[in-house]
Each structure stands twice: as C-alpha cells, then as structure tokens.
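After this come two complexes, each holding subunit A, first together with subunit B and then together with subunit C.
Right, the complex of A and B next:
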C-alpha cells in the first residue's frame, strides 16, 4: 500500500523537477517545481473543445489510459512489502494494461481525422511495438535469475542470490528501464515533448485536439508513468531488506535522481532523427539479450 | 438413440432442397439446432465424469455396418467450440444473405444451406471418428462442403478460381494424411487413431508426425502451408469466413493434438519443430496482415498469426512433456487450447463485422472506408472489442490465453538449461513482438475503417445493418467478456481436460497457483473497469459544469482540410513498410517526376504487397508447370493423322518394351 502512495506522491514532483533541471541547465530562472501541477489545475478549470469529427473513442480514451496506468501501479511492490495486488506473471498484465492505454490513445488520435495526429499515432504505434520485446526479455531474465514470476517476488529476492555479479546485471537493468521509460513516456531521444513543429512530434501531436479535463487526464497519466518507472528502478537498485524509513527516503532519492538524469539528458542531448528511432529501440532488445547472457553466466548455465 | 437422431438429421438435411426459398433458412436453422442439442448432450456426458469416454456405435443400414463415434474430453471441447460459432454463423447469415435473395435462385440457396449443414456435420464427425477411412471421408466432406460455401458468389470468376485453388490445396493436405494412415495401417493392420500408440511404440515417431503435421497444418494454416487461407477467406461470404476461420482451421489443430496424444519418442524435436513453425507463422502472419488493404484479407492473415499463437502453446506443452516439466506442459497446452476457443469467438465476430461493413459500404478496401463509427455504432463497438481481444489486451479473453502461455514460459525459465532457456527467451520475445505488431495492425484497421471522416461516397452512405445481423454477434461478445473477466471458471475445467488427455499429473501447486493468479487478474480487471467508470462519471459531471464547444479538427492553421487529407492505411503502414521491406517486399509503381516537368500531370500511385511464400511455393511452380505443359501442347495439332501416329508410336513402344521384358 505504501508503495502505491509513494508513487502518487512522487508523481506530483517528478515533472516539476525535470522542468527545474532543464531551466537551470539552460541558464533560465524557469518556473517552479509545482508548475506542472498548477498547469493541471488550470486545465481542470477550463472548458473543452471537441472536434466535430470525433466520437465516442475520443471521449473515453483518456479515462481508459489513466485507469490503466493507475491499475498498473497497483502491482508495483515497495521495500519488502508485497504490492497491493501481486500474482504470477503480473508484469505481463502490467505491460498489457499500458498497451491497452496506448491502443486507445492511438485510436483516439485517429478519431480526429487529422493527418498530423495520424502521423503521431503511427509513430507511437511503431515505436512502442518495437519496445515491447525489450521489456519482456528484461523481465524474463529477472524471472530466470530469481525463479519467481511476479514483480513483488522478483524484487524481494533480487539480491538474495548471493552472487555479487548481480550488480553488473542490475546496472544493465537500470539502463534498460530508463530507456524503456523514456520511450513509454515519449521523451528524448525518441521524442521531444518541447518540439514546436507538428511534423516532428510523436506524442504531443497525438493530443493536439484534447483540451481541458481530458488533457489533464493525459498529463496526470504521463506523470504517473514516470513515477511508476522510477519505482521499478528503485526496486532494481535497492535491496528489500532494509528498514522502512530508509527505504522510503531511498525511494524518494532514486526518483529524484531519475528526474535529474532525465532533466540533464534532455538539456544536453538532441533528439534522434526519426528514421533512426527503430534502430535505437531495437538496440535495446539486443542489450536485453546481452543481459540474458550475463544471467546465463550468473546462473552457471553457460561457461 | 441420440446417434440415430444425429443420423436422421443428416439425411433430413437433404429436404432443404425441397422447401420453398424463404423457409430454407429456418429449416436449416432447425436442423442445426437439433444437431447441436444432440451433440451437446454427448459433450456434457463426456465432460461430467472424470476422463469418461463415450462410445456410440450407430448402425447404418445402407452400409450394413456400424461406425464408431468416440467422445472423449478433447472431442467434447472441440464440439463446444464448433457449436458456438457455427450457430452464431447461421444466425448471422439470416440477415447477411437477405440482400442476395432476389439475385440468386433457390437452388443456390439450397446448395449453400446444405453445404453449411454438412460442414457442421463433417466437423463434428471429424472430432468423433477415430477410424482412418471414415475419418478421411468426413475430412473430405469438410473440404468439399466448405468449397461449395466459398463459391457462393461464383458469378465472379475470381471467386470460382479461388475456390478451385482452395480445393486443390485441401487435397494436397489430405494426401499427407492419407499416406500417414496408410503407413499406420501397413505397420499395425489397423488404420485408426487408436492404432497410433502401437505404431509409435515401434516406429519412427518423427516421420509420421511430420506427415500428419503437414496434412493437418495445411488445414490449420501454419506458414508455409497457409497459402489458401488469405485467398479463400475474403472470397467466401462473411458468415462462412467466420466459421472457416473460427472453427474449420481448428480441425487442423485438433488433428495435430490428437496425434500428439499418442507420440512417445522424439518429443523434444517435435516440440521444437512445432514451436519454430508457430513462431514463424505468428510473426510473418501479423507482419503480412499489416500491409493488407482488404479488411477480410487482413483478418485472414491474422488467423495465421493466431494459429501461430496456438501452436506456440502446443509446442511449449510438448517440450514440457519432453523435458519432464508438467507445469510448462499444462500451461502451454491449456493456453493453446483456450486460444482455440478464444480465437473462434473473436475472429468469427470480427469476420461478421467485416461482413456488415461490406454489406453496408459495399467495399472492403480500407482506403475507401472511414468514419463508420458514427454511421454503424454497434458494428464498430463489436469490431473494437474484437480487436482488443485479438491483440490480447485485458480485460478480454485473448489476454487470458496469451497470459497462460507467457506464464508457462516464465515459470520454466529458472530451471531450464542453456538451450531451453535460449529457446524460451526467443519465444517470449517473439510472442511480445507478435502482440506489439497486432496492436499496430488493429489500431490501423479500426482507426482507418471506423474513425475519422469517410474517405469515399460509399463509406459516407453506409448505415447500420439490421438487428438480425447485430443480435447474433452478442453471443461471441458475451463469451469474450465473460472469459476475460471470469477466466478461472473456464481455465479450471480446461486444466483438468488437458491433464487428463495428456496424462499430466495435475500438479496441484502449479495449477492452483495459476488459478489463484487468474482470480487476481479478474480482481484487477474489475478494479480497472470500475476506475474507468468512476473517471467517466466524474468527467460527465465535470463537463456539465464547464463550457463545452465543438469545432473542426485542429489543422495547425490550415482550415480547408478534406477527408482526403487524412492518414490512410498505406500511410499508416509506411514507416513499418520501410522496416519490414526485406520480408514483405512491398513494391510501388509510380512514374517519377522528370526534372524538366515543371507542371506535373496526373499520376497514379500503386503499391502491392505480395505474399512471397505463396509466390515461391504455389505461383512460381504452377507457372513453370503450366509453361512446360504449354510446350507439350504443341503435339495437340488437331489433325487426325497426327493422333493416329501417336497411337501407333505408343503401341510400338509397348511391343518393344514387352519384347525387351521391361514391363
């Protein structure tokens, strides 16, 4: 239960911290940490404009997306506590719930009949499709290392294998989680949320027509997604045996560092050329396969 | 007694020719309903006991012989699958065939309904009969009756051609099965599935299995045996494509499973073969589906993909048996078999909706459709739910079967050796890729066909189909939702069926853990749905208090957009096409704009995505043979003198050969 609330709390700060880091790095004063939350308040106060072309899908898609993300957060464990809902293969459910949200956001973009949004929808569909195997291969290696098949069991037993090389593996795991989180959230280097030209956008162009309440839901969802992936990172990095307060403060620290990394990365890095993206994403699957090789060595199946 | 009723129904079905045109349909429905009642009784009889095998031996006076129907739990499971879809198919046909009434004569309809009934009879008998010869006969009846169903629209020459090509390919499959049975008969003296285990205990298991796999694989549509599938499904009327894709191709799966039950040696290599073929089918099937423009052809390629997923489950199960991993076996087989049921539900529903779209918009070309959600709300919702289910997304049934297969793989990873775990990783990545590609494909299909603005006059004029076509689709829809939400009630019996027929010790730990996980999934799905509902209710009241206005879609400053500016299916798949070029090889045809052409004139753009396996396996060899035969046709001069000469040469040859004692 604590994990779920920690995720909710960090989601509040997360985008603000990225924003602060980016403005500090570019030498601006920039908005405060709570600016994204204030933006949501503004959006919630606003009315909505709907396109005449759109229909039912456009109305329900943001709600389904957010509900999916909220429910996905329920299977994330914290410290040595089990997640609120934990079962064998819950990461399959986790991934497919997020995919369901994405399915709806793609078709809601197509619902507007705009060529710009179609373009974004197609790119998002392609890139997230390519990222799917990387996530599953990574989780499969986790399952292979620990012998368990749920997030809670895997992370509770992650560091108990007694093999110190697991550290090398966890570094690759962290790297992959960060990259997958970036793709899932449509951030650099795959997509740049701050780009100003519709032709080069991916996620932003899909939500061109959303306004008011729906847009707020979409933003909340993306903040939550950051916090969820941050929580996964924390679970990989921090062993589960420590005291609860230490764990909680480490949780916040990991989330903070994650946000700072994203902020700096986005400040000093250019976005990939659009046709480089598939290569970039497929490379992740290959790295995941390298992680798999390491596990084979760790579990003494190989060499 | 029940068997007699079944046979009487069989003979009664002929009367469909005698009844006047409007009542033929109701008569066929009546016969089918009676037949389903009878077969369901067998099915429940067999399922209610533990491992009970029902043997029915109706005496057939004409043959003066009795044939043996054996209902075990595998047959019972397939009878359920067949009955649901065949019944909904016929119910849907009631509305779907109505527009054809004025155009086609009564005989056409008689043949159609008669073939439909016989397709059902033959499928039921395929899963009941164990003896080789009767089995091949009903297998043949199944191919013939489906052939007559496919060519319903035979005025169209291409459909007739497709139908004949279908029939030929089905016979190629039967040829393999026949050889396999002959081998069994020669070795054991009994041509029957029952003799399989005797055969397998003394002879090479791999060879016979490969023969059966090729034969049944052609029916099931595994790549590279799939070539008939994307042609026959679009050609057939939609209720027929629904039944063919939903259940008829599953007869191939039934055959494979029936053979697998008796296999004793070489399990590992057999499992690996099934797994590899299935992975290839799954990935290539969905890859080729994405580039299709014909809605039904797209669905047909998805059948190949889903057969691949079923095969992955079965292959996993076999490997589990080979390596002594009952948990993997149980989860693999159960996942595969549940996917058989699931696929029959959502694929038939998707074909029905495609039929509704075709009937209402008179085109299946996705590039000409669009904006149908507003015009055909029910059909769109059915298609949407079907798409979500086929992509394996929660909370629908497709997720449950894919989840079981995933779970089987993930659970086996830690205890697997180097080769097994490498294979498992490849399968997991493959299955994940299939899922991602399916999402890509169905966002395209749903988004382009049902959303946005209509891309043609035809789509603009589309209206919702009649209630008689909508209501039958509620049957598969209900199952899709129920299996998705209350999976444990379906998986538990399935576990016991699979454990029973494959002699897997029903490991209470593995099975129990999986079942309790399924309960958790139901819980989480319930939470998910309630969260959606809560947000939507809140949204409703929130929007009521705010100013809501409507306007055109934001065009980034450009205000004169038309429906032609929308993204099309081709442009949606453009990126993907670029990536998949080595495999799909989409060709484009457009005259390039010359440098001195200042005002380019009208141009035509064409893209074509060939099925390279079909090219390689069917088209090229057939063309080569046809070319060869054309050269031989030089002999066919039409002059009687030449023919007499041929006869003379032939006789001379005979004499010569006899003289030399060569024949």
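Right, the complex of A and C next:
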C-alpha cells in the first residue's frame, strides 16, 4: 500500500524535476517544479472538444489508458511488503496493462482519421512492439536468478539468492529499465516531447486531437508511468529488509536521481533519426539476451 | 547578334529603355537558350510587365565571368496567349514562366508544370482558385498522402506541403505557397512617397530587411544617377554582413532545435540576440529597418557604435566557433544531418538554385564576388563553397560564413576609419531618369535578390519587379526531400530556411 502512495507522490514531482534540470542545463531558471501539475489542474477544469470524425473509442481511450496505468502501479512491490496485487506471473499482467492503454491510445489516434495521427500510431505501435522483448527477457533473467515469477517475490529475493554475480544483473537491469522507461514515455532519443513538428512526433502527434479533461488524463498517465518505472528501478537497486523510513527515503532518492538523469540525458544530445529507432530498441533486447545467456551459464542451467 | 540585347552592370547607370532591342519571340527564345547554354550565365530575372496595349517581357541574364548583365526584351500584343516554353531547354526558367502565366494567363506550350505561383486578386482567370487546384497524384494502394499546413503548429508562415509517401519514405513533395500575397510589386508602382517605398522594401521579407532595403535604394540611386560616397557604401556592407551573421546563427539554433539538441539551440539563440541587439544599438531596430535609405542614412556609424560592433562580434565569433565545433562533432547530431536532404550539383543547376543552397552543391553563386555592388567592388569576397549538398553542408556553410563575415566587418570598419566619414541625410525627392530601365542585384544572406524597374516618360515608376532567392530554392527543397524520411522534412526545410513572404510578395 505504501508503495502505491509513494508512486502517486513522486508522480507529482517527476515531470517538474526533469523540466527544471533541462532548464538549468541550458542556462535558464525554468518554471517551478509544480508547473506541470498546475497545468494539469487547468486542463482538468476545462471541457473536452471532440471532432466530428471521432467516435466512442476516442472518448474512452484516455480513461482506459489511465486506469491501466493505475492498475499497473498496484503490482509494484515496496520494501518487503507484498504488492496490492501479487500472483505468479504478475509481471506479464503488468506489461499488458500498460499495453492495453497503449492499444487504446493507438486506435483512438486512428479514430481521428488524421494522416498525422495515423503516422504517429504506426510508429508508436512499432516501437512498443520492439521494446517488449527487452522487458520480458530481462524479467525472465530475474525470474531465473531468484526462482520466482512475481514482482514481489523476485525483488524480495533478488539480493538473497546466494548468487555472487547479482551486481552485474542489477546494473544491466538498471540500464535496461531506464532505456525502456525512456521509450515507453516517449522521451529522447526515440521521441522528443518538446517538438512542435508534427511530422517528427511519435507520441505527441497521437494526442493532438485530445483536449481539456482527456488531455489531463493522458498527462497524468505519463507522469505515473515515470514513477512506476522509477519504482522498478528502486526495487532493483535497493535490497528489501531495511526499516520502512529508510526505504521510503531511498525510494524518493532513487526517483530524484532517475529524473535528474533523464533531464541531463535530454540536454546534451540530439534525438535519433526515425529509421535508426528500431535498431536502437533492438539493441536493448540484445543486451537483455546476453544477460540471460550469462546467467544460464553461471547458474549452470545451460548444457 | 550583338544588337539582340543590351548590356549593363550591377550597381551602375540605368539603360535607356528604347535602347533595349525588342525581339520577335522566336529570336528571343533562341537568344535566351543560347545564352543560358553557357555555364557562366544564369537568369536573374524574367518577367512580363503590362505596357499600354501590350505585354513586354524582360529577361535579365547575368554573366559571372565578364560581370555583365544582358537584358533581352520581347513585346506581344494582348492576343498572343500561347508561347513556346523555355523550360524544356532551360529548366531553371520554369518558375518565371509560371509567374508570367499567373499574371497574364499566357500559356507556355510544353511547360511540364504550368501552375500559378500564387493566386493574386487581379489574376486573369478568376475561376482558378487554390481550393480546386489539382495536386499531383499517384494512384496506388500502398501510398498515402500527407498534407501539412497552410497553418502550422510552430510560429512560421503559411504554406501547404503535400507529401506522397510510401510508409515513412517521401516519394514526392508538392509545395503550394501564395497565402502571403500582398501585392508588393503593384504597391511600389502605386505609392507616391519615396519613403513609403523604402519602408515597403524592408517589409518584403522581414529576415532580409537590410538586403531588400539595399536592393531598393541601390535601384533608386541607379535610376536617379547619383554616386553615393565611399563611407555610405562601407556602412551598407557592414549592415548587410551583420544581418547575415544574425540569421545564420539563428538558423543554426533552429537546426539544433529540430533535432532536439538543446545545448546547441539555446546557445545559438543567445548569440543571435547579441547580434540583433548590436544592430538595434546602431539603428534602433533589431532587424536593421530604417538603416538603408537612398542617398544617405539617418544612422551614420560613429566610433562608439563601431567599437560596440567589434567588441560584440569578437565575443560572438569566439563563442560561436566553440559551439559549432561541438555541434558538428557530436555523433547524435551528425547522424541527423549527414546525407540528409541532399541536393546534387546537377539539381542545383537545373533548378537555378542561388545563394547558400547553390554554394553547398559546389556552384558558385555569390553576387558579392560575381557582380560586386557597393563597397564589395573594392573589397573582394571569397565565398565558402562546399560540395556535399546535404543538411550538414548547409549547416556548416553557415558557420563558415559567419566567421568570414566577422572578418569582413573587421576589415570594413578599418577601411571606414580611413574615410572622410561624410554622409548625407536620405534623399526622398530624387527625380528618376525618364524612360529608363535598371537592375539591382544584392547578395542577401539567403542568396541573390534582384530588384528591377522601368520608368515612363515623366520619370514615374512604370513597373517594379522583385525577385527573392526563395523563388528558385523552394524547388530545390522539394527535390531534396525525395526518398528521404518524412520525419526528416522539418530539418531539411529548416536547413534551407526559405522565405514564404519573399516568394508570395
């Protein structure tokens, strides 16, 4: 339960910190940390405008997306507490809850009938599809390492599996989770959330037609997603079993560092060329596979 | 054949309009194609103007070797509505013929793409509107069309881009402009106040106000006949170079912004601000409006301003060098610029590309060195030439030109210190020489700008013609994005940074 609330709390700060870091890195003061949340408050008070070409799907998609993400947050454990929803194989459930939201966002983009949004939907579908194997191979590696298949059990036993090479997996795990989080949240280098150029957008172009309340839901969803991936990072980095207050402050520290890393990473590089994105994302799967092979060999399950 | 055209030079005395021989169309056609076969020649302007009871065609062909501008003319009565097109022989003439078609409804036989450039209110065929224009289409199940604009998400001018794509790949791009048409050329003719005309010339394209202002003033001085002093000439060149520096740095910022490289973007934006603020320190306007006036200036350079310019430029030069060496060595940026939006030398020649676009394809098009004007007559400029023709080349040439322009401003200020510094006030009541014809060429930051005008028997402007470099270069952009990814279009477009209003007039 505490984990779920911590995710909700960090989601408040997360986008503001990224924005602030990017401003500072470019020599500006930048808006306050709560500016994105204030923007959401404004959006929530507005009504939504629907174009004539859209139907029911367009109207329900933002709500489904947010619901999926909120449910996914329930699967994430915190410290040695079990997650609110926890069962064998729950990481598949987690992944497809997020995918459900994405699926609806893609078909709602197609629903608008705009050529821009169709293009964005096409790109988003391709890139998410390519990112999925990396996530599953990584989780399979963890599962094999610990011998469990639910988030709660995996992370509870991660540092106590008696395997001496666990540090390697946690480093690879951290790297992959950060990269997958960047892809899933449409950040650099795959997508650029700041651009105004429809032709280069991926995620932004899909929500061009959404306005007011619906747009707020979509934004809340993407902030939550950041916090969820941050929570996964925390689970990989911090061993369970310490006192709850130490765990909570470490949780916030990990999230803060995660946001700062994203802010800096986005300040000093350009985004990928669109046709380089599939290669970039596939590389992550390859790294995950290499980690998987290494553990097969080290745990002598191979041959 | 010597009597088939008149010869003049840039920034010199006007021609007597009666001296320009009027050819029959077949002779005109032969002569133009003959001249344009010579690679040293290119057409700087070709247009038609209404005279009493007839339409008169003027074609100005510039020779880069002997620095002459040859002017050919043809006259037709209003009944002559079908002419042989020059485009199959000389593809770069396509845009001029489209413009004549737009203005007078003249059909050019064998023209591959006779589409009006814009849709002015006084067009001959009122049934032809932008909404019913048949865009180029390819019938196929796999292909899809993407229409962008005319209203864009960013703060840019209106223009419609119609892509035909195969997935992410662009097969064809058709550019439809004309949304900004203001009737500039007609206004030049109708306005009676010389001051109003100056202000109008500075508003042709807001990012080239010094260049267009100078083209206008130079034309008026040419028609009126006075020789402006050395000091004024130097100051005008300094203004022109400052404009070039400011826009090039701003474009570098925009290029970085398009590929989401934040550091490059914000640094260059900050540097550009320093340059345009220097301009403001000089003449009270950040874009140099009001600086260029015929016969004199309201804002003569003085030692304080010269010091300020030198101080700021040294600072900017150093910082811009540092940031561009970072930008053009960062792998993630290079991956977005290299081999993107390539224009070949052949394409540059056949579209008649001018300015920076041509110079990145190995074609020397720089009026400052080929048809020098103002103080460039005494100060030879050696333009930077690259031959890759891609976005990276168009980015790099900007950093080379900024460096070169800073050096030029240094030298010019040294020269200026040696002059007598005698500068008059602007002259707004020139009596223009009657029955004359003059051409004025300027190398703005974007490329060659051509203003030309003819006066009637009373010395009133009979017609005035403006040609912005964008007119040619839009076609180069359309060719550059073929076979590229559609997501690379914005960065290609930004690398050309063409003017919509300069095209639409």
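As a working rule, the second predicted complex is superposed on the first by the 296 of 303 C-alpha atoms of A that agree within 3 Å, B and C clash if a C-alpha of one lies under 4 Å from a C-alpha of the other, contacts with A are read in each partner's own complex, and residues count from 1 in each chain.
Please note the rule applied: a contact is a pair of C-beta atoms (placed from the backbone, for glycine too) under 8 Å apart; a residue touches a chain by one contact, two chains touch by 3 or more.
What you are looking at is a predicted structure, and each value in this text was computed from that prediction instead of being measured.
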| item | value |
| --- | --- |
| Partner chain(s) touched by A:28 [first = subunit B, second = subunit C, both, neither] | second |
| Touching partner for A:260 - first (subunit B), second (subunit C), both, neither | neither |
| Greater subunit A contact set [subunit C / subunit B] | B |
| First, second, both or neither for A:192, with subunit B first and subunit C second | second |
| First (subunit B), second (subunit C), both or neither touched by A:273 | second |
| Touching partner for A:50 - first (subunit B), second (subunit C), both, neither | first |
| Touching partner for A:119 - first (subunit B), second (subunit C), both, neither | both |
| Partner chain(s) touched by A:144 [first = subunit B, second = subunit C, both, neither] | first |
| Common ground on subunit A, meaning residues reached by subunit C in one complex and by subunit B in the other | 115-116, 118-119, 198, 275 |
| Subunit A contact footprint on subunit B (complex, rising order) | 370-371, 373-374, 377, 384, 388, 391-394, 399, 402-403, 406-407, 409-411, 413-418, 421, 424-425, 428-433, 435-437, 439-440, 442-444, 446-448, 451-453, 513-514, 516-517, 520-521, 523-524, 527-528, 531-532, 535-536, 539, 542-543, 546-556, 561, 563, 565-567, 571-576, 578-579 |
| Subunit C partner contacts - residues on subunit A that touch it in the complex | 22, 25-28, 115-116, 118-119, 188-189, 192, 194-200, 266-276 |
| Residue numbers on subunit A that touch subunit B, as the complex places them | 44, 46-57, 60, 63-64, 66-68, 70-71, 74-75, 85-90, 92-93, 96-97, 99-100, 102-103, 106-107, 109-119, 121-123, 125-126, 128-133, 135-137, 139-141, 143-147, 149, 198, 208-209, 212-214, 217, 275, 278, 285, 289, 292, 296, 299, 301-302 |
| Residue numbers on subunit C that touch subunit A, as the complex places them | 144-148, 153-154, 168, 256, 258-263, 265-266, 270, 330, 332-333, 335-336, 340, 485-491 |
